[in-house]
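There are structures below to look over.
Two complexes are shown next, each including subunit A; its partner changes from subunit B in the first to subunit C in the second.
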Partner chain A sequence: MSNNTVLSRFSKMQWLSLTQEKIVFLLAVVLFVTFSLTLNGFASVDNLLGLLYNVSVLGVLGLAMALVVIGRGIDLSLIATMAISVAWSLTLIRGGLSVEMALLYGMLLAVGIGVLNGWLIAYAEIPALFCTLAMGTLVYGFGRIALIPADVIYMPADPGWFGALGQGEVFGIPAPVIVFVLFALAATLVLRYTRFGRYTYYMGDNYHAARITGVPTRPMLVTQYGVVALIGFVAGLVTAASVDSMNTRIVNSTMIYDVILVVVLGGIGLSGGKGGVRNVVVGTMLIGILLNGMTIMNIEYTVQNFIKGAILLAALIFDSLINPRDEQTAQQGDI
Partner chain B sequence: MKPLIELQNITKEYRGVPAIKDVSLSIYPGETLSLLGENGAGKSTLTKMMAGAVVPTAGNLLIDGEPMRFETPNEALRHGFAMVFQETSLVPSLTVAQNLYLGREPFFNRLRGLYISAQQFLQTLNFNVEPTKLVSQLGAAERQMVEIARALQHKARLIVFDEPTATLTPEEKHHFFGLVERLKKQGVAIVFISHALEEALAISDRITVLRDGEHVLTAPAAELTQDDVIKAMVGRDLSQELYSGIGAHRKPRPAGKKVLSIQNLSMGSMVKNTAFSLYEGQVTGMFGLVGSGRTEAAKVVAGVLKRDFLHGGEVFLDGEPVRYRTPRPAVRDGIMYVTEDRKLEGFFETLSISENIFAGKLASREAVPKVITYSEVAVVAEHWRKALNVRAISGDARVIELSGGNQQKVVIAKTLVQKPRVIIFDEPTRGVDVGAIAEIHQLINQLADDGLVVWVISSNLPEILSLSDRILVTRQGRVVEEFQPDTATEEKIMYAAVH
Partner chain C sequence: MKNNTTILAAAFATALACTGLSGAAMADDKPLAGKTLAFVPTSLGYDLTDGWYNMLKKELEPEGLNIIVRDPNWSTATGAQALVSLISQKPDLLMVQNPDVQSYARLLRRAEGEGIPVLQINMRSSVETTAFVGADWVGIGRAMAESAIESCGEGSGQSGKVSLVQGPLTSASSVYQMEGINAALEGREDITVVSSQAANWDPSQARAITDTVLKQHNDLCAVIDFWDGQAVGSAAAIRRQRGDNKVLLITNGGTEQTAACDNIANGTFDKYMTYNVREQSTDIAELVRKILTEDIRPGGERLDRMTAVNVIDADNLTENSCWKLSDYK
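The block that comes next holds the complex of A and B.
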């Protein structure tokens, strides 16, 4: 058997897959150094905290998306779920409900949508891409018809502890950054050390093998999408508290693509089973530095979109280059 | 007469494993040649080379005496070499006419014109198929007609039929053979791949038998009997060396307690009303040709597939009826299936050996602590790696980097870690190197000695004969015969499987 050639090919792949994360990390470092040297005010403490503050919500959403992408799924309804459930909570608070109860209702709505997603994907066997695409539109439409009176719902005058989620600071570090760090730590632990986390990797790597091994694949899918929606809800709370409102028009923005960008850029393959929290952090950092630098340079929003799009495309091409569909390997055993 | 196509010392290797070894063969215009052999003998690979779907590693392909090298099926088609596959290659969502002209539509494509010319063409062939019908609405025989019509539409000079009669009714078969006769008269060469020996002998001019990728015999069909062909198909030297002395002299283990009883099990068109039982402490071998419903029956028992909702039959575990809709409850009850296709549904290719083995433990009925410690993963994996002699640099190596035999051992370890009561091996040594075959066989024997219910499915006769304490033979979705290993021979089993 020509084991040597096979081995060398795969060790080459491993070396490459190591570098995808590394390359993005190096790119982030290079950009950081370049911007620090060339841009006035980039390297200041205030700006760097602001940079972190700006990308922390994106990072939290990226962690949520990573969970399903590792399980070889995707959730395109994430932003819609987040916007509508949080806007509904705000509407309820303004209507006189206590903050706690309003948030509980919003959370139940978000988790309900997630569970419905998971149920449709697992039991009705709809592809995740189509299911969540339709669900996003459905949720947004339903929310605007039945739950919230306007596109933009403002925070109530006295949101109490909820407001601190966006505006508060601990030792000078903004609350959203802390939320991101906490979620990143929690996700690391869950993905690496719990049965739920390992099952997610097994399903993403080989769904059929996971099923035959005895992994409860369908309940797992329902749980995964439920958890994603829950994290999305928290990210929405942080957003609302930071900018004092929830603008549901973000559903129609490119935000969902930014989230996928962060996940794919960091090196979590869309083919599933690979990557982890570190990849999301690296992807978030690169996007954060890039956006912040482009804003300081006063680059137009449309041009920024062009650059982001080009980077996402490059990341996707890279992903398919290092995870190729090898016909020869696929035919093995089919002699 | 000059041969239409001549294969000279053709060899094809997959990852260094030869599928076809040094085969030479000529096919003449207007003749019917049947390619016979067991599963994995290399029939499909050989014909795929003629159709350009597979490029040979070494050797020459001469067409009309000129050397030729097809890189793509399209190129082969342009030279008039067409293949009619077992699973049809038609597009179900298009109409018959669209399928006929697929890939050669004119730039300005008028549907009405397409239907008219398709209608005329089908009439010249005397095919009664409506050109405007969707292929998905056609029956098996009609689909086959469309396939053949498409091949002829490309002015095919050689048509390869892969198991053409498997899905046909007797009347449709009669029709089909009439058509073959007409094609022959027009000078078209026909190659059959078939498991139906009687049929092959009746309609072919010549018979070629392949075994383990090597050419065994080519002779006019009139000079051969069915027994000659079966002998040529099964008599192998290499495996006799490998298996000699295990099966023949060993005393079969007695049957222990009856654990699984399968009654009137049915699933779609693959498993039809089959019944058999499995006992503790012995190896039950199951032999059948591809498509005889062996794998499907096993998958239904293990919950991987669902049996028919109505009249699906019953499965009893220790006398209690069980009905698994997913593999998980079956795994919890100790019934585990080791797949025949380990890449598709066996191992996790991006994960390490250790992680693969531990996956089994994590999903088993045993209590696993809430928090996973990687030292425990390493300990569990190391134990099984030693027990099964998985050869790798370390437990951190990825499974996809291993040889077939070691991959199979990892998949088996992942199953054994779950402490099975009933273990089903589907083609346990497919794509496994010779050394590992012996080790896996030893392991299977050990498991039966330890009192497990072991069910081995295999297309490899020597393997079945050397391992089994009982041999079940399946044909067309049913267990049709049971043999004792001391009285069974390869010929008897093959005879039961093909009739």
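The block that comes next holds the complex of A and C.
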């Protein structure tokens, strides 16, 4: 009873049409204003550029993940693909191969893994969750046995133009931020204005209906996972260039969940067919502001996790109060 | 004719003696033949463990020792399972790199109880076993803090501000390094820890944290980063923001050429705390020989080899400061 009153009171606010994206955006703005007023040096241009730099790789990976999630898929092998393909490229460069050739091989490996993922999901009809989970382990294991000699591969002394991806700047804006912006623009254009983009939404909304109406769903899946792996490879290059190494231990970390978090937090439902680039950008900004502010305040890591978790849960609870799920809005396959 | 027989007999006897001699020599060549050493590291694939493993193989396999390894890839649970199955296989010697003091303690006691001598490396368990080789993380942490005190503390003319970049808070090596740092800094007024954050062994996170801290503290004196593989991230942030106007970067690791000396030579790391993996491997090989040939049983003589913590910097760096993994693989 009381529950209903709360719900109805909240649903009266629907004229505001507060979507999860807007809630997260508002939260980000509130945090930004609070930190600007209370934290010395937070609002400086220098720090804000640093903040963007720190989350740009996460943002690029979020864009990649968003692409498959909108198509009602998921790619849990993204981090493993990124780490192993880039680490292999670095190993090849250290072994004397030219930078261009080494990067080409690494890219082919990454795309190959992505295409294999897509093929298994499309033609062998293995659920994406299990397929990519297994693929991540396989790729990491194979890479460590056959491709790279140690778990951290360092950049060669003179990586040439490749090093500029991490350390370079254009008009004072760090290169990784530019990469993120370019990818965000490209993804917006592709998702909005190309057939590939529209088909992705159709597939996410209703895979079988899309297939019946003539969407080439299987080749689409193969392409989607290939593209995701390719974006992952580029994100890996930016990572390697900015920290002069590729550490494959990140495969065992919670990084993949952070990527999914950015996507889901921004309001792209795991059930597919919804959302876009803006959601990823908003999710990335909130995480970036939170992490930067908490680092400045030197909050202990466990407390940081608690705060991060609490804010995320608050955003999700608020969303489910304002936009309650019912028979009409729920989709088959909701997670 | 008789003479001939005598000569033949003499020749035969000599030949026999020779064979006997060479047989004895062969036994000396392979004193460890038929013995098995089982190794459970925290994870293979990084400089420390790859170093021990490959150096031991190179040194002891020619003497006939059979070395088997169970790689738990950073999972304590997998490591414990490996220990359980190894105990039932009864190797002649069990070599364990503990992830922390507690996790394997009961299993190590059980192994010794069943007559398998246990050699622990680089991290003591709460249970004492037949042998131990290594430095400890607490000592490394203390050495890093002392290095920071020397360069940033009273009388140095520096601000005394230090930033700590830890590993995962669940990682024992990180926790013990922190313990060593806390012990060294306790009661000191001249050093302020302005930031103490966890980067989870990820250089990208270390870069982000150090970047933010540098922007907050223009007069930061030193960054203590808990692992060389992670510290390259902190170094990138320092280089980007400060250029040559250096902030001291103190870190530690297993002294492999590309991970350590290359980075010390090019100015990425300023102070590098280390225990020499080569020395440790020599110590381990010596103890393995002693335990297996003198038939030392658990509960008898205790063998200990502490490795000294060394500091490598640009001034004392030589061609031999580091070892190359490629020489042993």
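In this text, the second predicted complex is superposed on the first by the 287 of 335 C-alpha atoms of A that agree within 3 Å, B and C clash if a C-alpha of one lies under 4 Å from a C-alpha of the other, contacts with A are read in each partner's own complex, and residues count from 1 in each chain.
Here is the rule we go by: a contact is a pair of C-beta atoms (placed from the backbone, for glycine too) under 8 Å apart; a residue touches a chain by one contact, two chains touch by 3 or more.
Computed from a prediction, not measured in an experiment: that's the story for all the values here.
When the two structures are aligned on the shared chain, A:T188 is found in touch with neither subunit B nor subunit C.
Contacts of A:I212 after superposition: subunit B is touched, whereas subunit C is not reached. In the superposition on chain A, A:V243 contacts subunit C only, with no contact to subunit B. By the touch criterion defined above, A:Y199 reaches subunit B but does not reach subunit C. Contacts of A:A150 after superposition: subunit C is touched, whereas subunit B is not reached. Touch criterion not met for A:T137: it reaches neither subunit B nor subunit C. In the superposition on chain A, A:N252 makes contact with subunit C only, not with subunit B. Of the two partner chains placed by superposition, A:S36 touches none, neither subunit B nor subunit C.
Shared contact residues of subunit A with subunit B and subunit C: none. On subunit A, the positions that touch subunit B within their shared complex are 1-3, 6-7, 10-11, 14, 192-195, 198-199, 201-202, 205-206, 208-218, 273-274, 328-333, 335. Subunit B contributes residues 14-17, 19, 40, 42, 45, 213, 302, 304, 326-328, 330-332, 337, 339, 341-351, 355, 358-360, 362-364, 368, 370-373, 398, 400-401, 403-404, 414, 418, 430-431, 433 to its touches with subunit A in the complex.
Per the touch definition, subunit C reaches subunit A in the complex via residues 43, 45-47, 50, 73-74, 166, 169, 194-198, 200-204, 206-209, 211-213, 215-216, 229-230, 232-233, 235-236, 239-240, 256, 258-259, 262-263, 266, 268, 325-326, 329.
Every residue of subunit A that touches subunit C in the complex is listed here, in rising order: 40-41, 44, 46-47, 50-51, 53-54, 57, 144, 149-152, 154, 157, 166-167, 239, 242-245, 247, 249-250, 252-253, 255, 291-292, 295-296, 298, 300-302.
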